[in-house]
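Have a look at these structures, which come just after this line.
Here come two complexes built around chain A, the first alongside chain B, the second alongside chain C.
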Partner chain A sequence: MSSQDPAPEEISSNTLRWVWAAALAASLAFWLFAKPYAPWAFKYPRAWQLPLKREISDFMKWLVEDASFGLFSFTELTRGIAWLLDIPFTIATSILSSGFLKGQGSDAVQILPPLTWIAVIAIVVALGRYAGGWKLAALVGACFSYLAIFGQWESAMITLSSIIIAVPFGVFGGLVLGIAAHRWSLFETLIKPVLDLMQTVPVFAYLVPILFMFGFGPVSAMVATIVYAMPPMVRITMLALRQVPGEVIDLGKMTGCSPRQMTWKVMVPSARDGLMIGVNQVIMLSLNMVIIASMIGAGGLGYDVLASLRRLDIGAGVEAGVAIVVLAIALDRLSQAFANRRPEHYEALAGTSFFKRNPYTSTCLAIVLVTGFAGLAMGWVQTWPESWSITTGTFWSEVVSYINVNYFDQLEAVKTFVLLNLMIPFKRFLISLPWPVVAGLLGLAGYSLGGWRLAVLCAVLTTFMAVVGLWSKAMVTVYLCGISVIIACAIGIPIGIAAAGRDRLWRVVQVLIDTLQTLPSFVYLMPVVMLFRVGDFAAMIAVIAYAIAPAIRYTAHGLRQVDPQLVEAGIVAGCTRWQLLRKIQLKLAIPEIMLGINQTIMLALSMLVITALVGTRELGQEVYIALTKADTGRGIVAGLCVAFIAIIADRLITAGANRMKARLGLQN
Partner chain B sequence: MKTDDLAKLSCRSVWKLFGNDSDGFLRRTPNPSSEDIAAAGLIAAVKDVSLDIRDGEIFVIMGLSGSGKSTLVRCMSRLVEPTAGEILFNGQDLLQASDKEMIEIRRHRMGMVFQHFALLPHLSVLGNVAFPLEVQGLDKATREAQAREVIELVGLEGREAYYPRELSGGQQQRVGIARSLAVEPELWFLDEPFSALDPLIRREMQDEFLRIQSVLKKTIVFITHDFDEAIRLADRIAIMKDGKVDQTGTPEDLVMRPATDYVAEFTREVAKAKVLSARAIMGPPGKRAPKGGFGGDVGLRTKVSELAARVSADPRPLAVLDDDGERVGIVTRDAVISVLLEG
Partner chain C sequence: MNNWRNKLAAIAGAVAMTALVAGGPAALAEVESKDPIKLTLHDWTGQLVTTKIMGEVLKKAGYNIEYVQADYIAQFAGLKTGDLHVAMEIWETTGRDAMDEATKTGKVVNLGETGMQAIEEWWYPEYMKEKCPGLPDWKALNKCAEAFSTPETAPKGRYLGGPVTWGGYDDERVEALGMDFEVVHAGTDAALFAELESAYQRKAPVLLWVYAPHWAPVKFKGEWVEFPKYAAECYSDPAWGENKDAKYDCGKPRGPIWKVAWEGLGKKWGGAKAAVEKFHVDNDEMGAMVSAVDLDGKKVDDVVADWINKNEERWKKWIN
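Then we have the complex of A and B:
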């Protein structure tokens, strides 16, 4: 390709510039003058709408009530899945939280108590010591002690049991699908768009059908968690298998492996490092889902956060939210330590006793038994006494009320100023745009960045939003997302630039953005609502806080990976610091920064749906209403619209970044 | 072409082209030129290669990167499907073998050593070496006993429980060698086995390899890009360039009678004294012994570098004896010196 004459490329980019100018002029004219002649372009006529919502709802109804696969009906299938999940979940909650019970409801008699809090902490400390040494043991021990001391134990154990059960299902399902996609390319082409959609459709959208199929309860919540956490595992499996060195595959063939041996004895173990990243991802995503899943029946910490959010009890909400974060940190570090563990040989231990060969298992077993028996006699060994618990809830509530009492006017002034001068004009402008013009311009952008296929994709997806009658809500989504992303980048990119050149600052910033990213999205809502009350401004602040991390990270990363020789060449040529940054480093880092912006947009969209809880009027609200009304069709259609906005933005930016990389010769 | 009677493995007009519809193209144009191939948008890795690898010899395929040597060795084991040609293993065409037959052949009769070792990271040394036996379905005790034997052969006893990342590069490749020998293969492929090692270790491993071969006497296909290594190890060498074999012959053949400029380019820098043997520089035996008598007897395959030490100690000519102890020639001091002077 590179050997081709550059002339045709030049001509077409020149022509393209003219086409752009013409298209923009025509669009402007249309926008200004066409309203009286073509009102359909400004407000999509109701009569033209596709009744997609109703059809999906009818289909769901048919599925649940009548559908049958011959041997068994659809309902029997869902009941089977529910049963499959319910048994291990019941066992896990019995061990960790409720104890083994005999009988039903309030007549139930406990025949075996759950693990004592001391035993659970001992087990995680032993796991930490085994996987990562004393340092990790201390960290996870502290995390779990926090849960006990701050009175979150009960809820945390319920959450932990659902995670413990959901994660293996997610990992195994993802692994199997990923292997299938690796083996059969047809399956790969089929599954890829599904994965794209699954990762961009807001979670709320598929809560409704899951609710419909599995009813309200912890099993539904686990199904939703698995569905949410599995797609990245599929992707990572495909990637990890692809990265297995060709020589290792040759080895498998040369030793005469059958396809099954090849997969399980050669490919999967060789891809272990990559796959463990996937396991970590599944754990983190499952924890992300904790709060959302509590909307369809998961109890535990998620329910506590949600309930306090509804009561606007910031203290209780922050405490439960922090407990989720603490649990997430402990599980994240533990799983990473297990991922990084390398097999090591041990001197022969054969012949020694079981206890000597398994020091961790035997110690834990001893503690479980001893505290178990002691717990029967002494209550405080079994459960952490409530009277010993500390709470910071009132402190947080007081902080917020202090700010509200003393700085109300200032906050209000800022809010009003931004709303009047920035947000509302931008919103009005976007809503006034005629949909054919937007579809056309996005199509043209698609064509100039990625060719015909991208053009068609962009135009069709844009038109879809008008056709299903959600155009104005979609535009409000674009407005809120857009303005949040712009501000997030305006803050994040300079921070990234500043941190890139200073190692110590970069370390501090890294800790900060890591923390921002582990906080569950709901946690952002509470302080924001407390300070700014419901509405677009509060939503925007929450979205910015949640979505700023990738803007910082990718900018710093992009700048740091610029070839140091080029920087030296610049210095030798006599560049000032500013010239160096502007003419060399930023130029080369732009593709990376664009990917950061892309990630920011994706995070912003996912957060935006959650901000529907604080009263924004966009697609998220539509999804949320559908959830409360259990209206499957409405939720899915609105969810698809959000996904399509995400897909259009993602494809355009990725295509642009790739073009730029190719031009800079950074493509590998 | 006549098949060599002693051939363990023969390649007959093997082609490998990469690109769309490469076999259709080769059917339409049976003997394409480089221009034809380029015009069809294809890339040729192996072009019309015919070779015979004899039972029990070390056959080295030498070529620089991109010469197609790695593809050729993968064609021989059918890791890469040749576009056209025949691969005869003990007279059986491997390209006609079913997948099942191929699995059987690879499980029991072939072994391969890889450039970057290709050790499985989750298995110990013992587990890695026993892996081919595990794949065959042997029980644990049998395969581990067998694996311990080859581990001893490559000198890694005492390290059975170590994991690959706990070993040095040289040790890792010893594991690779042991693993490839665990099934007692008839045909042993080594794909640049020592290229990833540093020079001192490489030398040591070459000696080790020759020692193992002197015990096992396998039929070996050895790939390298290092001409010195080729000369050191080979019974016969094939030099590859742009997918074609330029010349096949013993190291002496290549040095004395390079078939192309490309081969001559390689051999020019080689110290001839290390390659040439008494056979190449001896004069006629003569009826009687020379006046002063012989300085001693040497074999036909004695290298000139060793002859030099003999003639410098004793200037009298040396008698060259064949395997039956018959005198077949005389090497004079002048003949040795002239080789040394040539470089």
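Then we have the complex of A and C:
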């Protein structure tokens, strides 16, 4: 941004400092003394509010009930799409979980059983062996065996079938949009803000409209999953295509490629490695959605987690939650292995039989058929018998209960201290701030970091929250996220620093943060409530647990990327270890660390919807209420406010990081 | 690499199609339509039991049944369009507004009471009686508010209310009755009962929203607070009751749990509609089934099958 707006460079940093001092002093004075004269600044008058909620709801109603394209109505179009999506989904569930059925409902008769558990495990092991060798095969085999042994098989297969349909749609859709954005810069400018919104508006906010448009059931859940999981794919496609070396493009031009050939035969294949990162992200995010999707009828593992926590069966919740993690790990490692795999050539095998050329396919086919037939005769081959399942049963509940009974007083003391001395004062302070002052200061921050455009963006988005009448809820949101992010960084960055230099520790930490990110937050939310009671503190703990991962990851990453020659130079110059860290490594890693903080904020905001379930009263709660009341407008407006907070934080931090990079002479 | 899978799918699909064509429609044509009737399932056990009992009974009558997972309130959108057909539990206490809104459109019809009465009220575990003599009377409760306090609320007592979406007018009630309590809202009922479980383990003070039929009042010993008895005027007329200037100066209404359906149900499956209308179970029966599932770890389907076996005479009357 700063390259487009030379303004901040023109004004000397000295002048800017004076402007800041004056602005802060004016704000302080306004905050302290203006309340009697300008009450509208402290409490946004109801009469000035925009009835945006109602308008969106009305629009939605019109869209669903009346909108028409002449030949067919809007609802018919969306229902048509739902019907189309349902076909591959039904085939996938048929293969993996229900078997091929004839008839509907309870009249349905199974004509062909689903794949046996033995066959599914054999197939994933074969895929693992094919893509990454025996080590990977053993890992994915173990993952899927967990699903069988812990009695999660049936639900896991339902979840898996919706994932393997949603992921290709997400990947392909993302790829196409990304390519389009790469080709036409106008499209890129249009799609960028849409992507921001897709990533930051809480999922709950668009669940209701999706339900209206696509009807009830797994298809709606799948659509929501695709919407949620696609944006990173679009972004990564744009980035990867931009990074295709000029020589490759020149070669394409020289050989006379048509634009289509250029895209599909030259650009996409050479950007493959980058694109696979996108695939990986789509898989991870799709699994993240499992719980929320189960709220609108997806069933599967997400439903098991929800249902067991509803009856406070923590053990069952943990087991189902771990099943999701395990599925995520297996799919992630497989997709990474496929990305790194180099094509092999089999000229030597040409002309030999089909079985020789396709050893994996034929082995799998054999196992599928053999176990399939055996399954007809012996039940245990078809479905894992329940009596073989093991469970950690009440172990987890007992752990929580033990801590609860024996350490409650200590926990309570810590909680009370933090609450009374840190959280409540901070909350009161934020709520008391007048909105024009906040908008003004954020605008000024935008100006000094990125220029006029950023200033206007920050000020306008901040004002929006006041205009739609959600100012105080937005401030509570900022308070809860802010405090969680601060604590997450205070814990996460030192861990990142410690882990960066030690390979073994780093590996352990990596597994831990992967688990924290894919384990559905519901699983640890209920024990947290048991130990800390309903309220902001429990919510804060949950947010920290979820959002700490990027703080650790990016810090470690940044430190590991520091040019070893510079470190060497530091050692030669006689730096102590502390100086080395502080003056060289941390300084150079700061842009990366800032990105980590940025991501921490994004994750914290995305957790809000979940913390609403333990009774916080912020924008997340507003979205949740809208969901349960099926109030489209209310949900979308509150969702937009969350998105705007995210966008402001993101833009300011990115601009700050860019300036710092420029100052340090680092270019990416 | 995915070749085999595609091929397999194609083969399997082809086999399925052939079988479909060859098989033809099934027999048993005494019911009006063999299209599946969609019953909604939510995420609490009692509702699963109610719905499955209804579903199994309709199956015995020859109807084709499909269970669909749907959100409690959001399901009304589906019931209006006919995507969904029957919802077995709409609580007077939590679902009334949404139900009235839906029936007003004429696309959803109320099929009467299930026979269960929803109870929702402030509840305390039995061991609190020692610390606060005079319970369950609300005035006695108010006198020992401090016994229910936590550091954040002291000296006021802490009352853990249900999720904001449940309504219930607890903030107004505290105000109207001049009670020294602070209302804290749990976000979900899982959070609500997590806190009860935690307090119960430590025999710690707790006062919260408990409802029945549910497993909690079966598992934990305790009582509901007795407020001035609810009357319709109490919620509409400030002059009524204890506080002459405020509404909500009474306990919560106890009301029936309703059954609702898509308006087309009767036209398409007349017999099924009649059966749903006749469905009737009571609180004790349901409480026993819910605790069999949630506390004894039995499967919903087994509990339902058990009920079907034992009550043949009752459900036979519903479908004839």
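The criterion applied here is as follows: the second predicted complex is superposed on the first by the 645 of 668 C-alpha atoms of A that agree within 3 Å, B and C clash if a C-alpha of one lies under 4 Å from a C-alpha of the other, contacts with A are read in each partner's own complex, and residues count from 1 in each chain.
To be clear about the criterion, a contact is a pair of C-beta atoms (placed from the backbone, for glycine too) under 8 Å apart; a residue touches a chain by one contact, two chains touch by 3 or more.
These figures come from a predicted structure and were not determined experimentally.
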Chain A as common anchor, with chain B and chain C clashing or fitting: fit
Partner with the higher number of touched chain A residues, chain C or chain B: C
Touching partner for A:269 - first (chain B), second (chain C), both, neither: first
Partner chain in contact with A:310 - chain B first, chain C second, else both or neither: second
Touching partner for A:208 - first (chain B), second (chain C), both, neither: second
Partner chain in contact with A:404 - chain B first, chain C second, else both or neither: second
Which of chain B and chain C A:250 touches, first, second, both or neither: first
Distance of closest approach, chain C and chain B, by C-alpha atoms in Å: 15
Touching residues on chain A, where the partner in the complex is chain C: 91, 94-95, 100, 102-107, 109, 111-112, 127, 130, 207-208, 211-212, 215-217, 294-299, 303, 306-307, 309-312, 358, 361, 364-365, 368, 401, 404-405, 408, 412, 416, 419-420, 525-527, 529-531, 533-535, 611-617, 621, 624-625, 627-630
Contact footprint of chain B on chain A as seen in their complex: 245, 247-248, 250-251, 253-258, 261, 265-266, 269-270, 272, 342-346, 348
For the chain B and chain A complex, residues of the former touching the latter: 74, 77, 79, 102-108, 110-112, 114-118, 120-124, 131-132, 134-136, 161-163, 165-166, 183, 189
In the complex with chain A, residue positions of chain C that touch it: 1, 3-4, 8-9, 12-13, 15-16, 19-20, 23, 26, 34-38, 43-45, 55, 59, 63-66, 68-78, 81, 83-84, 98, 150-152, 160, 163-165, 184-195, 197-198, 201-202, 204, 215, 294
